[in-house]
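What follows is a pair of complexes built around chain A, which joins chain B in one and chain C in the other.
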Partner chain A sequence: MAEANTATGNPPRPVNRSSGRPDNLRLLLNNKLATAGLAIFALIVLTALAAPLLPLPDPDVTAPADRLFRPLSEGHLLGTDALGRDILSRLIWGTRVSLAVGISATLIAAFFGSLIGLVAGYAGGRVDTFLMRGIDMVMAFPYILLALAIVAVLGPGLLNALYAIAVVNIPFFARNIRGIALGLSRREFVDAARLSGESNAQILFIEVLPNVLPVIIITMSTTVGWMILETAGLSFLGLGAQPPQADLGSMLGDGRKILFTAPHVSIIPGLMIFALVMSINLLGDGVRDVLDPRLKSGALTRPLARTAVIRDIAPGDIEPSPGAVLDVRGLKTEFRFGGEVFKAVGGVDMRVGRGECLGIVGESGSGKTVAAMSIMGLVPTPPGRIAGGVALLEGEDLFAVSDERIRQLRGSAVSHVFQDPLSTLHPLFTVGDQLIEAIQSHRSMPKSRATERAVELLNLVRIPNPAERLKSYPHELSGGMRQRVCIAMALADDARIIIADEPTTALDVTVQAQVLALLDKLRRERDVGILFITHDFGVVSAICDRVAVMYAGQFVETGATGEILKSPAHPYTAKLIDCVPVLGQPERRLDAIEGRPPVVNNLPIGCAFAERCPRAQDDCRAAPIPLTEFGQGRAVRCIHPILMEAGHG
Partner chain B sequence: MSAYIAKRLLAAIPVLFGLTIIVFLIMAMIPGDPATAILGSYATPENVEKLNRDLGLDKPLFQQYFIWLTNLFHGDLGRSYTLNRPVLDEVLERFSATLILAGTALVLCSVLGLVAGVVSAVRQFSWVDKTITLVVLIGISVPSFWLGLLLILVFAVDLGWFPASGMYAIYGGGGPLDLLHHLFLPALTLAVVATGVIARLTRTAMLEVLRQDYIRTARAKGVTENRVIYRHAFKAALVTVIPVIGIQAGFVLGGAVYIETVFQWPGIGSMLVKAISTRDLLLVQGGVLVVAAAYVLFNLAADVLQTVLDPRLR
Partner chain C sequence: MADAALLSIEKAERVFGGGRNLFGRARPAVHAVQDVSIEVRRGETLGIVGESGCGKSTLARMIVGLDAPTAGRIVFDGRDLVAEAGRDLRRLSREVQYVFQDPVASLNPRKTIRTILEAPLIHLLGLDKQARAARLSELMDAVNLAPEFLDRYPHEFSGGQAQRIGIARALAADPKLIVLDEPVSALDVSVQAQVLNILDGLKHKFGLTYVFISHDLSVVESVSDRVAVMYFGRIVEVGPGRSVFRHPRHPYTHLLLQSAPAPGRRSLVSDDATAELPDPYNPPPGCAFHARCPRGTDLCNARLPRLEAVSGDESHQAACFHPHERR
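Take a look at the complex of A and B:
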């Protein structure tokens, strides 16, 4: 997976109080819809504010002779209502009232809701339980109904409607802010403040509040439109503004009585409410996207069924290597984010024969998973794309065949086993459903026959009580059992290659050994080739015939497993082997490799490992290093390899 | 599973009790003398005193609550002074009309919202997606009471396809077809906002689910793309959308207040509005209680449905 793609689910960071504001505004203005919302909203607000200065007739002066003029009448741009009052003037003055009421209600709800949320989240324990139960109780009422009940008690009137709407919106603020405050109150900077002797109130308002402010603003921007709508609604029902005072809702309510004879009297104020609420919602979405990018809907893109293939040059006829079932040449896979290109895989050759196991070893981020997932087009597009190379499966170029052909080959000729069997099995279907589906995807057979076959498969992977287990859901099985189910699924059809992506990493050590033994046995009995991805040389030594060490999207060393383990030539390989703990040698250094792999959008010209390499010299950084032959069946991408006599261990 | 459902039903009981407390307290908070407030300012002093005694208002608050609750259990919600009939009778009669309207709207918004959301996610960034996103945005911003008026103007007045108001035709109406004919416009109007909310959420949920590892597994085993989307992804997305549909039930039940007023639907919403303006507070109390209880049950149903779909919750 691209690392850049996994930055979700981070806890909120303490805000940097001094910066960010102009940047946020710029981000907001980049969003066209939000900008349009802002423009319309600003126009409405400015017009409403300027009402006393505008040359408008008095909104409340009745003129029975001028009643029900249509829009565009002389002197009355939007016509007049049933009492002959100028609609344009009433509209602007009414908007003032609606805005004032909606915004006041929002501020009141934000103040009390945030206070409750902050206190509940910060205090925790009983205070939290008590306050949140109260909030739950309020939320057990249908929203508008509670507002009605409050108005019923207080009596109809604009101010009472305002209070009612504010009260029913308090829970939204309380809940949102409580969640964030709860997380923050466990953070180090709060502990530090406490130790330095700040009082609870100080901590709450000086340390915690600034960090929840974005959430308060988001909640305000997403509820203010709603509150304007609801206060207008109460006025429409005759429970809000009382004559002669008028807001948009009561204008609409008055107009309803003469809907059939003079529709413009009700349509115009409704249109204004709509424009106001819509502009606020557009703006609110934009504000939310800027302040909390994780919620941005556009950030989620749907991965296509198959990785896009955009090869610069169509490869000519390539003869597959003799004996190879899978023969990958010059594979290049990239990720594109905005204008940046991350070359996750930069030209890789892989060959797997019948019953052979090729291991690909590297740190996380080295590109090994992307290389393996590219073969059957399982790298998500967007942002991934295959930018070059061929993948021949028994002579057929997998990057050139149709989508339907790829679907047929997936799970039949080439199967996959993934890392974490809890997240890779569908949580809502039984193991049996998922196995039977895998079987029926490739051979049409009645369900009873497929069920028998599923039982056989579970037997094959040594799951006790297979007929019973078919009815289990993945979460009801142990990690080892789940991975056996995944292996069984990989054998659903006549697999010739199994691509196993860290299949033992998520398992306990003893279970690891069992799963490895099972895979090893299956490949020998069924003559299946395995492409085995791992970061662990210990696992490599247990199952792989040959191994390819990957770094920054390229292979840096390839060869037979025994040879490489005995005498690694590339310094990176040597370091990786050093990471494997050996039983009985506790003095062995178990340090991880210092430094980090380079970011693949900005690779150095020369050796990508040079920055972390103890043997690096100036010539390492000067020019690209080719993968050169290094003894029988071995190759290394290093101009100062560790030679045999240097020894190792 | 049935054990779980029983547990959820039991858990709903304290919530229902909580509702009665809140409803009771709201009425207890009425400023001034409640009996006068209930009977109106023209009530005779004898009547006020009698009502005070009847309601037990001379007793402490918690005792009043238990008296009120006991009466509630006996189906006695008091008498509406404007209608001069038991509150419960009026409320139940009105509520059945609301249930027809709100239930239809809920079905409509669930179906339309889910379909729009899934289509939008599957065709992400296409013109279909953009159109749906825009329509959804309009849907959640439009005042439903105004939309109802527009629909009446267009479809009832201009085109004459649907009646402008009521539940049955005054002359010769009464059949289920007549009901459907009257139901269409108000139910559609009532469903608009909730449809938008559900569509938005479904789109996000689908996009979220389609990035999950188990979707890659489904593709890796050769499942057809249609099956991946409509079986694997949709089921998982549905689990996150269902509780929101439960919450939308509250907005639909509440929104019925506007729609019933606009379309003169003889439901509990229009009853409440009238009762509030005539200060028939016992009627308000009964109406609020019944609708709130219905909302709790809707949420309970959503809970149970979610459990049926998601074995991890059992």
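Take a look at the complex of A and C:
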């Protein structure tokens, strides 16, 4: 049936997620420093590669008569060294050697290091212990000392220096790669590959390796510069390139003795080493920035402490609705990426009275979290911004008050409880420390008094033996207990509103039932308003007086929970209720909602649900659908709502 | 032949940790699965419910050979394939497959859907190129995805589509039994139904047998012929779905059913009941549910209740000294 819709509809391609090569190159070129690095490095490499073609004198032919010419002398652009050899020629040939050795050493170290890391990480257990202890042993020696020792055993020479540099760098690769491989090997796709009949070697090289490759490349690009420097170091000490062959290190070493009489002999190769290593490192950093997924997602850009508010028209004095603690009107929140605007929340009204619980229900991505986080300015900027509306907390416009005031209100008058308690609780401090800090941060009181208060709070959220529990660390508590501690923290300073975003979704059913019962009791006893976000109508029934159904950034239906469940008026609400199995009605046919919600950077003019709506008609697509009153205390954003007589369920 | 057991689990046990460390000191052991015996009949869907950490996934992984029991046997179709799986997983994988909870994490981000679906065809069935192409289009058709999707990468798919790919992979080698470990838990409510409906269709079309694991009672109720309830590593109640859900005998099943949120009902649970599981390193000698059980007595604390038929109905068993009456 309509299933084909989903099957043939193109999955949306997120604008900022494609990972093709041209894209990466463009990203790299966006970075000015990396581009400069790339240009210098390319110039050096091309010159070095072209050495045999260039009209250069033989770098190793000595001409004692021409010794120590200054730069810019006739026939010797960069002068000559103590044996009368042309410095320009030696420099280019020497760079060639240094590059070749540095890059070969990197490749060797990367190959063996990555192999060890991959095998150790994937195999785990004894193999891992054995390999990594070996690596630790290598790392126990000071780096350059080990290289010196290896050359001392093998004897001086360029090739031996190469081996030494490669060997001392293997642990670096092995450790980096092992960590990644270890994580990947516990991922489900590895189990899936095993069940698809792949052998261990196939899994390691076909499944795991491609995912590790970017890390190997990052590690290589950030180490090759150092390896060139280390080779130069060994040659400088006379352990690398042997005369008459030149590399940058040995040239530097040759010039050292005559540093004062003929400084150019050592300064020129020194500058070259500097330019080479510098350009490689700039380029390497650029490559890392492009390939590192964390940097790509912007997770490392530091957002502002509060969401930017950019309202077209500053609203005049708005009278808060009587009895409302929180009164949000016309809230709009957007995300901007490049030229595109994602209207995550497109004009939402929320009203919560004392001791009232308003539920927001909707599919993933409908904007529930963004709407709730906008209230206290917790949406990250960039890319988020509040583009319109007001949020009145007992009459005070939260979008207009100072940062200082918001900071005061956060955690006191307005508290948050999140899905994952571990995102609120710090793992390294005891529950007591954190509770006491929360209490003292809003009201100064002596520690002993704060401790008493903490015990009271834990009692309130029904944690047995609270005085003892204060000494526990979060990981020592069960999921349900942790969530209770978070609720206790939310209550630390007489909250008037608790914003709870899926607070029970991660909990087991029996625990969920208790946490819901607890929240329900608290709001009745302490008159706290709750804004409760969930995707589960069952949970809504358990606690919410009123419910708002959200779709593509807007509320499509609001009203009393019981009424909406009994006779949903909006086709989306009806479908959302019908698509989940209900306990006690196993025979009920599940009615899937075909298709998927529209992407919020490209909303249709008319009804956002029209594509998936069985009742859609032409007029639905023509113009925006307003949220209109639909009986007492109810509103629906639909021009062909399901009427009660038509009967549902 | 409808009643023949396709899979029978006999006193399966999985202990993690344990043994002695380098210095001969005993390491703590956790019994993730203990003394589990159950049969899965040809063509049925066996639902397994229980809360996090009760051993559901460990049991599932043992059935497909990703993990091995430390004691007991798992016999598939009369052969002890699971024991052989340690040496050669492929034979078992041709018969028993697995669908993972997180659809996106179970697909390698750097492989196209074609490569992912071809793996079992190559490694398990050894099909040639032509046969593979034919099978691939059959599979995509079975899970209702357009064949164009074959050359896309996993991140381009929504959760529901990704899970259908996971199902197609499980189907690829034409197995008899599929273990579904929370197959819809990571999906949005609106797509859960799609996936459940597809699973139902496939079962009839290919004559499959399912072991369906979930913490969501309403989902399990809607898909299962028989249901097993697990608590703290053991099966505490098992029976026909209808009977277990309508007339739960074990106090834990009772509590689960009361706790489950359902549209149109307020919670029936008090907020101060304890919900703590026993310490897995120091399990109680008797019934593991005793600390939370409103019907518990001293007997329960002293002895372990065995899984037994309740009031003469052989198909419905519970491990409890004081089971609820049939309502």
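Assume the second predicted complex is superposed on the first by the 454 of 649 C-alpha atoms of A that agree within 3 Å, B and C clash if a C-alpha of one lies under 4 Å from a C-alpha of the other, contacts with A are read in each partner's own complex, and residues count from 1 in each chain.
Methods note: a contact is a pair of C-beta atoms (placed from the backbone, for glycine too) under 8 Å apart; a residue touches a chain by one contact, two chains touch by 3 or more.
Computed from a predicted model, the values in this text were never measured in an experiment.
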item	value
First, second, both or neither for A:F274, with chain B first and chain C second	first
Touching partner for A:L56 - first (chain B), second (chain C), both, neither	neither
First (chain B), second (chain C), both or neither touched by A:L627	neither
Which superposed partner A:L115 touches (first chain B, second chain C, both, neither)	neither
Contacts of A:A100 with chain B and chain C, given as first, second, both or neither	neither
Chain B versus chain C as contact partner of A:I150, first or second or both or neither	first
Common interface positions of chain A, toward chain B and toward chain C	none
Chain C-touching residues of chain A, taken from the complex the two chains share	3-4, 6-8, 11, 13, 17, 187-189, 191-199, 202, 207, 210-211, 363-364, 462, 464, 478-481, 508-518, 520-521, 535-543, 562, 565-566, 575-577, 579-584, 586, 588, 590-594, 596
Contacting residues of chain C [partner chain A, same complex]	51-52, 64-66, 89-90, 93, 97-98, 100-102, 105-111, 119-120, 122-124, 144-146, 149, 152, 155-158, 160-161, 166, 169, 172-173, 188-194, 196-197, 215, 217-219, 221-222, 241-242, 245, 255-277
Residues of chain B defined as touching chain A within the complex	15, 18-19, 22-23, 26-27, 29-31, 121-122, 124-125, 137-138, 140-143, 145-146, 149-150, 152-153, 157, 200, 203-204, 206-208, 210-225, 227-228, 232, 235-236, 239, 249-251, 253-255, 257-258, 261-262, 272-273, 275-277, 279, 281, 284, 288, 291-292, 295-296, 309-312
Sites on chain A touched by chain B in the complex	137-138, 140-145, 148-156, 225, 229, 232-233, 236-239, 252, 256, 259-260, 263, 266-267, 270-271, 273-274, 277-278, 281-282, 297, 300-303, 305, 376, 378, 380, 403, 407-412, 415-416, 418, 420, 423-429, 437-438, 441-442, 473, 475, 486, 489-490, 492-493
